[in-house]
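Two complexes are shown next, each including subunit A; its partner changes from subunit B in the first to subunit C in the second.
Coming up: the complex of A and B.
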């Protein structure tokens, strides 16, 4: 370790009975971009917070310039030029970008701010880094890409020379991601060091000089990106070789329509999902995904008021409420699993029962606990939910296992030719679980189910879909099909549609 | 948290509570030990005294069951007091109207059903306001309590006033309709209340309806999306809760006073609310907390007579301190809900 390097050495951190970090070591070398990767619960966030002084480690050292430091805390971290950009923005939406950037490091003479000097400093920063934002706009009105620029400017403004970025690209469109990675490269060329925590390995390979892989709370490797590959990093992260599906291997039965969305006014918002077909909806979140899901689940009728309607298995849903739709042959994997999918306080077994048709049985009859416990246990085994304890409250399971529970419940409730509405089915889920969930969905499609897959991960859509539409500002673009030569989608065209660059969709009658 | 730690914490909290209460009593100028012995003796000192404690515990347990059921559905039924008053008013009305003409075996069950239905209707107003107009039940039930109180007040004065008596009470119901005490001062509703507590608990924990209620209570959005009619479940729960609170009114009229005395309740509905919050879904805790608060009601009466300076108001102070300590404990655990 040389001057300017920072890092962790043999860090362990125990919370109560849970060991978040066992032995984490890595070095962020001066003037480099360093990737920190690992599955959920591998200890990424904890390590990051320890480096930034937010958490005191149980044992081990924070290393600055090659020497261990004592009593490391946020103040000291800031004083050594460390800046952190959290995954969720910490901007005040009602203030201007200018004020947000200055907030926390404002200097004032006798309580009077020198806005001109502030502005000069910010403008210099923007020129040097290429991070341009409209400074006089309220941040609440800015698009997400601009907000993340604001956050970085804020860190730089406070004098940070070393940045810790937590999942910085998770909310950006492919176009914005490229832009963002270029900015990171610029920052590196100016001597900044950057620690980037992410699960997108493609981005790691693109910008990082080094990558540290964590698994189960320990560093398993610190590698030069030049000498490694996505496959190797994946294997190190998961501990085994993954075989993620790359495309569906069957043709849909286009004669049998499962879902039909029609637009009685403008004829723009219309598509069908046929039996065996996986139709993807790409797009940055907040562009109408919730409204589309709500249209089918009858919980958000904004689209219906605009003249858009749904037919499920040929039946009009206009008169239906959520409950009657639920009695159809339909599985719903909601986008927000903890708010819409599960009741965290109830046990896994009880959650598996929620969607059951028996729920419509006599109100005051007893739940046959014994038989259900066995069937629940089988379901948990089949879907590889761990730990296999039906009595455990769902809140105690990890995100990936919660998602598998929803999938287990929902897929058990439909027949082979049913309809699956899956919104962000693998968000915040481990690679191992992603592999499992993708296989389950493809298996169902192959045996005849129609699937509408809403996702902001293009890689997910590319791996599963027959055709893809893009939602942009409540409008539908596409469809986009696989290139018959290499069976892949054109990510550039789809990426452009996601940012609104492509032509509006031609009318479909 | 390990169980040893948990018990340790409970132990220290109990000691702390007692210390605070002792300090209060010392501050007033009495001996904590003599006050405690008065309270204990008054509540449990003899079978006679204990039966009084049961008498006070009965309406508390009924209203506690009411609050517990609504709470499981995610509704905060502060209106148990008002629902109980309406139940009492309906009982006495039915008894006075039909008691003289209809046979007893018809009047009693119909009066009970009528009282429960009236109380359920009262709760249903709050339920309807909640599901139709989004008015929070905490607000509406508090306000409905005042309306119920006023309604009882007016009815006692203007409709059912006992002409032979100066005090604010109705005419007595026919002798054949009086249940009479079951054992010393305890009414027939005492075992009934316990049975009901067990039944409510069993329904909530073992039936489909119970699962739906709990699911709705914890997460109405997910329940709705899973195909549960969350709104209906909430409304149903509140109606049943109201009916149960109404039974506390039946107990007062048919089991004890045989008339409706204006201001008979020392706030049973609110004490039941505290009990349900303390029990947090546990049946043994529900019964235990009911007995504790029932004992305090009984003990308070003798505090006026047998201690130097402390008055019956100390019982309310004790209740308040217990609730505060429990709130503190809940907060430390991260505010887990019922």
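Coming up: the complex of A and C.
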């Protein structure tokens, strides 16, 4: 370790009886970009917070310039030029970009701010880094890419030379991601060091000089990016070789329509999902995904008021309420599993009651706990939910296992030719669980189910879908199909559609 | 006309101070329905100290301090102990409403009021007509406006109510900012209370704030949580109150007047109407009208 380097050495951290970090070590070398990767619960965020001084480690050392430091805290971290950009933006939507950027480092005389001096300093910073944002606009009106620029400017404005970025690209469109990675390269060329905490390995390979892989609270490897590959990193992260599906291996039965969305007014918002078909909806969140799900589940009728309607198995849903829709041959994996999918305080078995009347319980009868627990146990075995404890409150399961529980419940409630509405089915889920969920969905499709898959992860859509539409500002674009030569989608065209750059939807025959 | 303006100024003054206080607290993210109790605490303490020491300015300072202490209680409950702000506000109001008659009884042997204060024990009006506290009200509003827009503390308050995490991430304790804002809110309510008991009025009477704290809160909402808005809101409600006072016995038809109770309920009916209209507008234009995030969730 030489001057300018920072890092962690043999860090462990125990919260109560949970060990978040067992032995974490890595070095962020001066003037480099370093990736910190790992599955959920591998200890990424704990390590990052220890480095930034937000958490005191149980044992081990924070290393600055090659020497261990004592009593490390946020103030000391900031004083050594460390800045952190959190995954969720810490910006006030109702204040200007200017005010957000200078927060905490205002130029002030006797408490009264000198906005002109602040402005000069920000403008110099923007010129040097190429990070431009409209300073007088309220950040609430800025697109997400601009917001993340604000956050980086804020860190740089407060004097940070070393940046810790937590999942910085998770909310950006592919186009914005490229832009963002270029910014990181610019910052590196100016001597900044950057630590990116992420699970997107493609980006790691693109910009990082080095990468540290964490698994189960320990560093398993610190590698030069040049000498490694996505496959190797994945294997190190998961601890075994994954075989993620890359495309569906069957043709849909286009004669049998499962779901039909039609647009009685403008004839623009229309598509069908046929039996065995996986239809993907790409797009940055907040572009109409919730409304589309709500249209089908009858919980959000905004689209219906615009003349868009749904037919499920040929039956009009206009007169249905949510309860009636739920009684059809339909499985729903909601976007927000802890809000719409599960009751966290109740046990896994009790959460089965949120599904169909599969467990023989009518509305007013006593809850057949025994039956519930048996069927829950079976489902847990089938879907590899761990721990296999039907009586455990759902909140105690990890995100991936919660998602498997929902999937188990929902898929148990439909027939082989049913319809599956899956919104962000693998969000915040481990690679191992992603592999499992993707296989389950494809199996169902192969045996005749129609699937509408809403996701903001293009890689997920590319791996599962027969065709993809893009939602942009409540409008539908596409469909986009696989190239018959190499069976892959054109990520550039889809990425552009997601940012609104492409033409409006071409007339479909 | 001058008579009307004088009345508007004198009845608006306590509303202005209390509304500015409420604005500060709520903008920092702490709902403050304790305005009523804070004012009452200030009014009682000021009257008592004025009666005991015969020094109105000392009494004024004591009133402001007492309200700040109760403000600090509200801060302690809501910020440090994370109690629900409405419950804590109700508690403060109930404590003050209960404590004042008890103390009145022990000190003055009357559970309803303090002895009438002589003029020497009250804040003297300038030129025999206008109280210095009335003149100070718009000045304080202006100062708060400057603070809100251009000071570092103002920036911190604005962020404390929107994204407290952003402050904490910069090493600034959002809890401290909120504490300060709520205590300042108490101090401003103390000014309003002292004005009622040792300036506009001559002594403390039980429940003398008579809902002014809630009207001030309405002014904060109508004024969309800005200092200038709070001032304007307080003036609107003050004007309605002034109408009520001045036109109480004006004959409406023939020589008959509207019953006085009807006139007295006018400010409250007006408050309801104004709030209904403002909230309708808010509902119609999402994002167009501002509500601090900490309060809207």
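By our rule, the second predicted complex is superposed on the first by the 499 of 509 C-alpha atoms of A that agree within 3 Å, B and C clash if a C-alpha of one lies under 4 Å from a C-alpha of the other, contacts with A are read in each partner's own complex, and residues count from 1 in each chain.
FYI, a residue touches a chain if its C-beta (ideal position, glycine included) is under 8 Å from a C-beta of that chain, and two chains touch if they have at least 3 such contacts.
Just so you know, these numbers come straight off a predicted model, no measurement behind them.
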| item | value |
| --- | --- |
| When subunit B and subunit C are modelled together on subunit A, clash or fit | fit |
| Which superposed partner A:340 touches (first subunit B, second subunit C, both, neither) | first |
| Partner chain(s) touched by A:159 [first = subunit B, second = subunit C, both, neither] | neither |
| Which superposed partner A:332 touches (first subunit B, second subunit C, both, neither) | first |
| Which of subunit B and subunit C A:95 touches, first, second, both or neither | second |
| Superposed model, angle subtended at subunit A by subunit C and subunit B (C-alpha, nearest 10 degrees) | 50 |
| Subunit C versus subunit B, contacts on subunit A by residue | B |
| Partner chain in contact with A:113 - subunit B first, subunit C second, else both or neither | second |
| Per-pair minimum CA distance [subunit C against subunit B, superposed on A] in Å | 9 |
| Subunit A residues contacted in one complex by subunit B, in the other by subunit C | none |
| Subunit C contact footprint on subunit A (complex, rising order) | 74-75, 78, 84, 86, 90-95, 99-100, 103-106, 108, 111-113, 115, 140, 158 |
| Residues on subunit B engaged by subunit A in the complex (per definition of touch) | 203, 206-209, 211-212, 214-215, 218-219, 221-229, 337 |
| Touching residues on subunit C, where the partner in the complex is subunit A | 146, 150-153, 155, 158-159, 162-163, 165-167, 169-172, 287, 290, 293 |
| Subunit B-facing residues of subunit A, complex | 297, 299, 322-323, 326-327, 332, 334, 339-346, 350, 353-355, 358-359, 361-367, 369 |
